[in-house]
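Should a chain be cited, it is by its letter among A, B, C, D and E, assigned in written order, with residues numbered from 1 in that chain.
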Amino acid sequence: MSPETPSLLQVTGLVKRFGGFRALDGLRFHLNAGEILGLVGPNGSGKTTCINVISGLYAPDGGEIRLGGQSIGGLPSHRLVHAGINRTFQIPKPFLTMTVLQNVEVSVAYGGHGQEGLDPHYFLKLLDLESHAKQPAAELNSAQQKLLDLARALATKPRVLLVDELAAGLNPAELEKIAAKLKELARSGMAILVVEHLMGFIDQVTDRVVVMNAGKEIFEGVLADAIRNPRVVEVFLGQDDAA
Amino acid sequence: MLTYTLLAGLLFGLYFTLIGLGLNLVFGVMRIVNLAHGDFLMLGAFLAFWLFSLFAINPIPTIPIAFLVFLLLGFPLYYLLVPRLLRAKDPEMLSFILFFGLSQVIQALATILWGTSERSIPGGQLGRAIAAILSFVTGRTIENGPIEILGQSFPAAWVASGIASGIGVLLVYWYLYRTKLGYLTRAVMVSRDEAVASGIDVDRISAIAFGFGLGLAAVAGVFAPFLLGSITPAMGAEVTITSFAVIVIGSLGNPLGTLLGGLVYGISYMFMQSYYSSWANLLPYLLLIAVLLLRPNGLLGRQARRA
Amino acid sequence: MFGKVRLSLFAALLASIFGTAYAADAPKEIKLGTLYASSGRFASISMPVHYGLKLWIEQKNAEGGVFVKAFNKKIPITLVAYDDQSNTATAATLFNQLITQDKVDLLVSDSGSVLTSVGVPIARDNKMFLFDQTGTGAAFFTPDNPYIALMSDPVSSVWPKPLADFITHDGNGLGIKRVAMLYSTNDFTGTQANAVRKFIKESGTDVEFVYDQGIPTDTTNYAVLINNIRATNPDAVIHLGYAPNDIAFIHSLEDGGVNFKFLFCIYPGLETELLEKNLGVKPLNYIFTYVTSSEIEYEPNFGMKLKEYKELWNKKYAGGNVEFGFNSVAGYNTGLVIEKALSVAESLEQLEIRKAVFSLSGKLKTLDGTFELDPNGAQLGMSTPIGQINVDDHDHVKFVTVWPHEVANGKPVYPRP
Amino acid sequence: MRDVLLILVPLVAAFALLPFVYSNHLLLFNFIIFIVLAQGVNVIYGFTGYLPFGYVGFFGAGAYGFSLMVLHLQAPPLLAIVVGAAAALALALVLTPLFRLSGAYFSIANLAASLAVLQVVANPNLENYTRGPYGISLSGIFNPPLAYATAVAILAMTLFAVIFLRNSKFGLALQAIREDAISASMAGINVVRERVIAWLLSALIAGLAGSVFAWYASVFYPETVFSGEFTIFAIVFALFGGTATLVGPILGVIILYGIYNAVGISTPQYFQLIYGALIIGLVLFLPNGLVSLLRRWGIDVP
Amino acid sequence: MPPDASVSPLLSVTGIEAGYGKVQVLWGTDLAVAGNESVVLLGANGAGKTTLLKVLMGLIAIWRGRINFADEDITSLRTDRRVRRGIVYMSETSGFPALTVDENIRIGAQFLSKAEARLRAEELYSIFPMLADRRRAAAGSLSGGQRKMLGIAKALASNPRLVIMDEPSAGLSPLLVREVVRVLASFRGKGLAFLIAEQNVKFLDLADRVYTLDGGRIGFVGTVAEVHANDALQRAYFGLK
């Protein structure tokens, strides 16, 4: 599925080494505007590293990342944010002693690339955090902190949103809600990359998945096909003998 | 002149290794900065001074006494200060201030007790004991006086402190790598949380390391009247800062690193003193900054210390 | 002569007229404010000076006070003393506290140049006369500041004159040509080193410097320096440093078995007991040094003789931690100058006190020597002859004064055995 | 705005008026200097988490920048103060690579840097430029009332800077960086740049304080203005009151420096002992400062 | 409920509440593990599994509730005392990377006498031959799978009565997960109880009983067969089925 028009985010031959260990080993995939892509794979296959490199936490050791045709690999995070990339964290990292509202305000102030009229409260309402606005972020539970992470990311108006294990810890009702919100964001043109363990959630939100193993992609396509692919079953699902 | 400078630097560096060892151990295990380290050295020095002037006890037998006394002193002091400090939000930073306070208290008490004048022990005292030991070991009569190394003569005290420092390094090394308490200590150094989870009594291990650190400082103190000329209650602060430079140049948490740091410091200091004497005191600070910026983990370091 | 009599008659007349008024105006006490450092780097020089001053106050108060001419009676002295902890910022506020809050009548500095320095502008600003005990910094004494005078030791820039003279005259005669000088780079010893260099160069003799190095004051390690000095094969070695520097230096010579033909150090003369305690007696033998008031029996025309004072000190501070030495004499000497000045000052106005102090110049002789001020208040007297230490068979230290000739009582031993 | 009216204006007014009723002006002056320095430490430690253990380096740089301008160029004091502040800024710029270090390493390296500057300034080889160990003696510009007034102005500027930090977008960014640098960069904040700006601001504050201190003191030695006690005092005061607040460092200075002077004047013989013990107690029992205690009691403080 | 209600369980936990700062994570959790029993605690990230395990080990302060171990109240006991009594903990990081394999195992056996410890270490090396080959190597130089084996060996070194494990599958490939499960299975029912927090379904193979933790509360308790029969659980935890 290689598109005629260039994708919004294009990753080719991405390499990231930690000492002798190649966490990313020539990863290649693309992400289109308005699309939700699932990035799945066993623990340690490099999913989070991939997000960390794309969001500028680590500089890549090889390969290329293009956003809208521009090479962005190795730029510092804040410039990537201004270019339109943002993310959430697997373990949420809010500014703990600041209020929930301030958390979002920072993003609006610094990440909103000069757009006037962004209202922090809008994002709090969007993610059902409005009632906690005046509380310090430390008083949120971990599921709420994840939503706050998402609110902060959205407040910078990203074109590409990288979501790392958002669903874990949410109850089924919350899951439904968040899935609907992600889909709505995608419909508005945002490109979303979702890393997730919960296959049900992946199934529910994604149009397409990339399956990773040992730092590179081994499958790309719809989830239903993935679970029938013997290589995927072999390295990832490993459920041939499960009940 | 070159040989002499080099050898003197070596011996002087060994002495600063001895001073730095304890500080390094405390930082390695507890991740706290003992700004009162030099003041414990001062207390050790006064112990040697009083044992000598009141009971005519030679500094050599004072070494084990000083080590034991301060090892034991370390326990109550640890339980009084450290566990509470470690529960705070930013213990590494707060330790600077806490131990500065302790340093003030020690200095004040020492001043009240012993006054402010310089004290020293005549140099011959250490030489006599060393001559006696050497005579006993070699079976020949060794004269009290300077000791010849490679045709250069050095004060006996320098050689003695060099030997003591060597023993100190070996002792710490042996403790850390050859004893059960040692590998438990290293486990705490690697990860305090994991150590607690593994059922290690982290407080006990830390208290021992703390005592060990003070003990080593006190032993270094015994040599202070000889290597630093004289002692006063106010001498601690400067010693602390220099020993910091030494352990950071080496690398934190590693006794061999302290040895290397001490030697680098001692030798380069002596060369500075020989050739650019008025700038000599600038050296440790420049060395420290240069090492931190160029090799942030110290010359032997592995652990990350970047922001 | 005649004038004086007439003046005193006039004064008596005035006194008889205003006698009652005088008595009513006389304060119950004279407030003397000073600072000392009980801890920190200057404690070891500050405490003996302070104890010396205190001793004088206690002595006077036991006698019912000091005689104050302005009120024609004895008035007790109250001491207001604060601890500045060797911290200059603290010293500055405390000087101010003494002046503005305690409103002391007499302001006495802490000892040493560093702690005195902060007091100089404050005293001047508040128009308080500063009794500078031992702050020898040449920069303190300027024509535009009348509010200071140095009490007990010569200003650093003239202090080493006798040393330079001895080397270029008698020393040169003994064969001293090659001089090595090692000094600590602080105001006190750095200025002295500059002066020695200047005096020797100006002497026009064939004495040359083969080694001339400044080192940081907190240097404690001299082995390599000594080795380097030895390598230049000097005829004379001058070491200028504070007491800890001297102790470390001589310690190092002794431990390393090094003997220089001629060695000059400051503190064996200034703080003899302290150095004896630290080094033992033997290493001090044949060292040249300043022979200060604590060793020379001057013939004072005012106050106790040295021997009496030393006895008093040892009785008062028996078993204490502060040794008798130059500094303990210096503090006491400050007291004597104050006492004498009060006995001639017409009032307690600060400029009147200054006038009284300056009027003593060249006339007052205490156990510390002759008090002699230049017009800016720098001390030129209290000079210190050069002497050589001689240890007798009973391990007693004796000073053989060798320069200037008018006070010399022996011949130098050269080279050092 | 509320902070300006309720804190800045009354405090500045108090220090402007106190000299008319209390005559130990130098004590008042030192209070001002320490409030300024404690706030300077607050800017860098409170808002970014970096503990500047060599903070006095900037103070000394300011003092020497000021003095050398006066000595060599006979500059008027107010111009010399600008140069002193610039000297501190220049030193801070040179030291920016230290930000690559974390935690204790930054602190130790910063301490070493300040000592290195002292060693350079006090070196006799530079006597012609800095007067070396012989110290500075400024004559002709001695003017305590004007210097005091300038210090009050610097106090006002410093407090204003801290109020700005607490209420501006920039302050919010610094707070975010301190909480979590990674999240901050994901909020679009240029972490390195903002940190450096805070660092420069903090150095500028110390440089101004050092300049005016040199003016007021007019006679001093290198070790006077590079004394580590300035650093320690400023840090302890800021910490005692509570960092990252406006009121904390002010309370810290007024209470602790007040006690310091009271103890120093009443029971000097146990001065150091009491003070040391106080510091130990403070760290062990009130590590987040007085402000945290007030907040626990439900008193909100800016 | 433990399988045999007449015997008091080895570990019983009642009404635990705990959290971090002001945030409550556990809301009255009850749990029991019998001697010789293997219990798997299922739960998503953030459900409070790690918190619960840490409370059991005394690594996090407990707010309310009670922990009994071998008929003794250990609620306020220090961690090292709990380890002495036979509860060991294998964290996600499993061991000290800078120490050698041998030292890591000896830390596990720190409460045994020197001779016993040596004997026990040899015993473990025969069970984990790949560790025996690398006993002088730093634990940090081992592969992920070897690290995990070392963690298990370290936990077993003190002859514990209850092993508590936090996500032993974390960071492992499916093949290695299978290996870990195989090794752990070989210890099942040999006088040793397991409490394993997991997300990976493979570990159900080990379980005598299963607890699920959701939002800090115990949701489901039952046997493996009951889990498989429960559609809601299947959906929540095993998505694909």
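One rule holds in what follows: contacts are C-beta pairs under 8 Å (C-beta built on N, C-alpha and C of every residue); 3 or more make two chains touch, one makes a residue touch a chain.
Just so you know, these numbers come straight off a predicted model, no measurement behind them.
With steps allowed only between chains in touch, the distance from chain B over to chain D comes to 1. Any chain bridging chain A and chain E, meaning touching each of them, is missing here; the list is empty. Annotation: B-C is the more contact-rich of the chain pairs B-C and B-E, by number of C-beta pairs in contact. Set against the C-alpha centre of chain D, every other chain centre is closer than that of E. In terms of the distance between Cα centroids, chain A is separated most widely from C.
The distance from the centre of chain C to the centre of chain D, each centre being the mean of the chain's C-alpha atoms, comes to 37 Å. Note on chain placement: the centre of chain A and the centre of chain C lie 77 Å apart, centres being C-alpha means. Our note on geometry: chain A versus chain B, Cα centroid distance of 51 Å, whole angstroms. Residue positions 107-108, 111, 278, 281 of chain B each touch two or more of the other chains.
Each of the following residues of chain D touches two or more other chains: 119, 123-124, 269, 271-272. Residues of chain C found to touch two or more other chains are 38-39, 185, 214, 216.
Taken together, the chains touch in the following pairs: A-D, A-E, B-C, B-D, B-E, C-D.
Looking at the complex, you find that chain E touches chain B at residues 57, 59, 78-80, 82-84, 88-89, 91, 93, 95-99, 103, 106-108, 110-111, 114, 154, 158.
Residue ranges on chain E touching chain A, taken from their complex, read 21-25, 44-47, 144, 169-175, 177-178, 199, 201-202, 214-215, 228, 235-236, 239-240. Residues 169, 172-173, 175-176, 179-180, 182-192 of chain D are the ones touching chain A in the complex. On the side of chain B, the complex with chain D involves touching residues 27, 31, 33, 81, 84-85, 88-90, 92-94, 96-98, 100-109, 111-112, 237, 241, 244-245, 248, 278-279, 281-282, 284-286, 288-289, 292-293, 296, 305-307. Looking at the complex, you find that chain B touches chain C at residues 1, 4-5, 8-9, 12, 107-108, 111, 114-120, 122-124, 127, 145-146, 152-158, 226-230, 232-234, 238, 270, 273-274, 277-278, 280-281.
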